[in-house]
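Scrolling down, you'll hit the structures one after another.
Two complexes come next, and they have one chain in common, chain A, joined by chain B in the first and chain C in the second.
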Partner chain A sequence: MALVNPNFAAELEAFGVDTALECFNCGTCAAICPLLYEHFPRKLIRYVQVGAEKKIMENAQDLWRCLHCGLCTRTCPRQANPGELILGLRRYVVARWRRP
Partner chain B sequence: MAKKKKKTEPAPEAKVGVYVCHCGGNISDAVEVDQVCQHARRVPGVVVARDNMFLCSDPCQEMIIEDLKSGLVDRVVVASCSPSLHEATFRRALARAGANPYVYEHANLREQVSWVHHGAAATEKASRLVAAAAAKARLLRPLESIRVEVQRQAVVIGGGVAGLKAALELGERGLAVVLVEKSPFLGGQVAQLQRLAPFGETAAEVISELTGAVLKHPAITVHTCAEVEDFAGYIGNFKIKVVRQSPAGAVYADRLARLSRSGRGLGEYVPFVGVMPAAIPEGREEFDLEAGAIVLATGFRPYQPRAGEYGYRDFPEVVTLPELIRQLAAAEGAGDTLVLNGRLIRQAALIHCVGSRQIPGVHAENEGGYLNEYCSRTCCSATLYAANQIREQYPKTRIFDFYRDIRTYGRGQEELYTEAARNGTLFFRFEAGEEPQVSRNPHRTSNPLLVKVRDVLTFGEELEVPVDLVVLAVGQEPNDIAHLVENLKIPVGADRFLQEVHPKLRPVEVSVAGILLAGTCQAPFDVGETCAAAGAAAVKAAAILTRGYVELDPFVAEVDLSRCVGTGACVEACLAEGALALVNLEVEGQMVRRAQVNPALCLGCGACVAVCPENAINVQGWTLKQYEAMVDMIVSDEYLEERAEG
Partner chain C sequence: MFNPRDIIDLIAANVRQSRNPFGVPSTRFNTWWRKMPGFTRRPGEALLFTGLMYQAIPYIEATTRYLERLEGSRWADYLRWARFSRYLPGSLPGRGLSFLTSRAEKQKFNGILQTICRLLTKSGVGFFYHPEMDFYSGILLYDLGDQEGFEEHARFVVRNLKLHGVHKIITVDPHTTYALKELYPKYTGETFEVQPYFTLLRLSAGGGNGQGPVAIHDPCFYGRYLQLSEGPRQVLRDLGLKYVEVRNSGEFTSCCGGPAESVSPALNREILDRRVAELKASGAPVVTLCPICLANLLKAGLAVEDLASLAGRYC
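Moving on to the complex of A and B:
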């Protein structure tokens, strides 16, 4: 159970992530991703949309699996820039790491 | 060859052509069509039996016409789909060939055979039906259709967009129109809206334009507060009894109060009221209308959620979309956050498919014990339109959109979805049976309500959304017109909307000739679709009125004066008042009482045939002799080469 926090997307802007709400959950990024890992990277983008901070922290290690191939960003039909979103989320996670 | 029967005397020239249709596999997948043709060739009187993939196609109709013109056949049996679909098609083909359209018989090999039977039994039943039809065809006589004068006036029932548009189109063709509206207002459900999705025209301009033109049109008479009480007659000559009186109860109290608050007068448009063209009558007034055609425009009503459905009535913060539209129009303040009834709306949830697409076994039945299994079609766009309106005007009000599916199906509608996605509307998707739960918010946020959903877009995880407002996108339900349906004897579909003859080929006609459908009495439509349907209904009605006469099928009772002795049994049994009477006639120099038929009123039911002790009355085209010939063929095995195995 997660409480939706619509302000979270705005909080992330400080970390260079401002395109999450462009995503309309088509899943093209997850389909094209060479990692073929669950719903990566869409899953993390959706967590940003609904503001599920805890979920992002729980799944943080996934962010470091990314190979930076750029396929998701190239194929995204909404210019939501999934690749850049992953990088931004890393900065967010690093900043939050072990902070009470 | 089977030996010729002696007891019936078919016209010596009777040459029956049998045409068996595959219906593109619909029939031929279950029925051995060539075998049916072989069997048919052995039926007395049959001179040719052919089969084809689609008999209703132009080339096949031409083939039948050729056979008639060349003199090869003079009776036609088509064995295909239901006669309700294509009997008229083939009768017209006979007429085009210069033949009498009533020397035609139809055998239903689709609904009555291939869709319900399989294997050898299917083919055998098909052969028996075809043989029976051929035996009947052999005894058919040419008949003349009955001509009836037409009353050059149309009656339109319902004064919403559909009724107004239909009345106007008829009036513009120079035809007299009477519009009958139950409420004191014109404008119907559209007058309960503000801006219309997807393009944003105002309801005010749409209704004002229509009512303005209708009310000043010399050919159109409008009666508000008027209801159809009784109905009689047939195409060309309908008689409608109308009662005009002050509406009972306080159904319209809210709208009347709005009207008096607005300070506007008769004939003027008032938002969320419509146009009141005339004062409410004080007494009760009854009058009869005559009509050559009737347009039904009885419209829809928005689905009313049950108490407790998504928290409706339990929480004042849960409203339907029409209620939201009314509140939005009165929203105070020009800040960047929406304020409704003095409450700040920071977060609002919109829930789709309320009262639509209900599934048996999954969703609870509505009050009347029914489910609305259909998609109401207009709510997705209307909901997204409202979402965009709020996001644009009040950017600090966040919108959460909970959908099962988004069906923005028409021109300019998908753009509403794209726009909503762009303006930050956050979407959640739920599965049927896992509708969002609305409850009081137990968390410490200041929002009064909490919407809980298992969100498909978040991989089936449970999400909770605190909100200040829940909007239910309610669907369309047909208005309660049971009295009218009963009176007019028109068919109603499983969805309780009025049912057309054919959804594609005859979309605005019902099975009662001369009655036409306009708008949402037929199915959920938006305003554009409603106007298209109303225009079509008006043109169909105009075609009936301007022709001046109608031709009715001659399948009516006929008295055989050589047998009638005037027992009067038929008159007693007759179900249609005025269709049968005993009259004084001179027969062989003597005045006698004999039965006489009024063909325009006869229903062709055959009740008289059953009771006549002298066998002196028959329904043309369905005589007892023809029935006997059919039964003989159904029980005969002579034409079946060998009993089908299995």
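Moving on to the complex of A and C:
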């Protein structure tokens, strides 16, 4: 069981993540991502959408697998900007590490 | 995979201390210009801004060789103490890194910058260089998510450029180009006229001397983010050189894995092997235009050279 934070997506806007709710979870990003790793980045975007803040922190290390190659952003049918979203999540996690 | 926090803290501490990711004075490795004829600044001319990327490659490779051995071992956790290397005398890590890199390796990458200067001059481009105006862009801090560190460093670089009255900038690598063209205006509010060197080249040579075709590996930032993949193709056409398109090129180019190098050399190797297979399928020698891609593809044993080196041989 995980606690959810309904304001999580809104809180992430301060870190440049403002397109998370555009995503309709089609999985194009996970299909094109060169990592071929556990539905990355789709799974993490889903955590943001449902407010699973704790899950993001538990899986924080996975954010740094992203190569920032931009293929997911280029092919996203909803312009949800998955690559920038992952980058924004890194900023959020770094800020949490520095100021818990 | 290393703990990203250890890597970020180490790089952020180094950038704060020395304005580059290695924690050593930039003068120690930014030496390529010493063998070049004097650069004289004339009004309105553009600053050649290398972002210290090509010069740094031998040091990045030396560091990565050690990280490769550490990854997954019981010593990996000790990396968290590396950030305290700032308490060592500045010359010590510098001497250590210099010791780990060969003179030939340094000259290979310095030579690319020297060739770029020669190509720009031959194309009639007015430019100058001054090592005290040339800084690392901070792009790794941005990529790793240290926004605070990146913005502080970007403001420092911008202050310095403004102080010297620089308006026009010529860049040599995709990462620095992206930082100066897209990120600096967004996060510092300052805009410069930024142009990658290959868009300014006006070269001509006859028929490529019967040379076979080359395969182009487009770096992600030129191909996708900045949509500049036509530039290198135009240079090759001007020189009468043939090229072949590989699977996944231009806007849909495949990453070489280089960005993963600092947090996971193993992941880097996995992505690299896949891209190398795509490039090898073309059967042609590879040309690229990013120092990170170049070093990474060389590491895989691929026949690859920089666009500037190739163009330099024909004019």
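Observations on the model:
Definition applied: the second predicted complex is superposed on the first by the 96 of 100 C-alpha atoms of A that agree within 3 Å, B and C clash if a C-alpha of one lies under 4 Å from a C-alpha of the other, contacts with A are read in each partner's own complex, and residues count from 1 in each chain.
As a convention for this text, a contact is a pair of C-beta atoms (placed from the backbone, for glycine too) under 8 Å apart; a residue touches a chain by one contact, two chains touch by 3 or more.
These figures come from a predicted structure and were not determined experimentally.
The superposition on chain A brings chain B alongside chain C with room for both.
With both structures placed on the common chain, the touch criterion links A:68 to chain C but leaves chain B unconnected. With chain A used as the common frame, the shortest Cα distance separating chain B from chain C works out to 24 Å.
On chain A, the surface touched by chain B in one complex and the surface touched by chain C in the other have no residue in common.
Those residues of chain B that touch chain A in the shared complex are 347, 398, 400, 421-422, 424, 426-427, 443, 455, 457-459, 461-466. Only residues 15, 34-35, 60-61, 63-65, 67-71, 74, 87, 89-91, 93-95, 97 of chain A touch chain C when the two sit together in their complex. Residues of chain C touching chain A in their complex: 1, 3-5, 8, 143-148, 220, 224-225, 251-252, 254-255, 257, 259-260, 263-264, 267, 271, 274. Residues 1-4, 6, 21-22, 24-25, 39, 43, 46-47, 49-50, 52, 55, 78 of chain A touch chain B in their complex.
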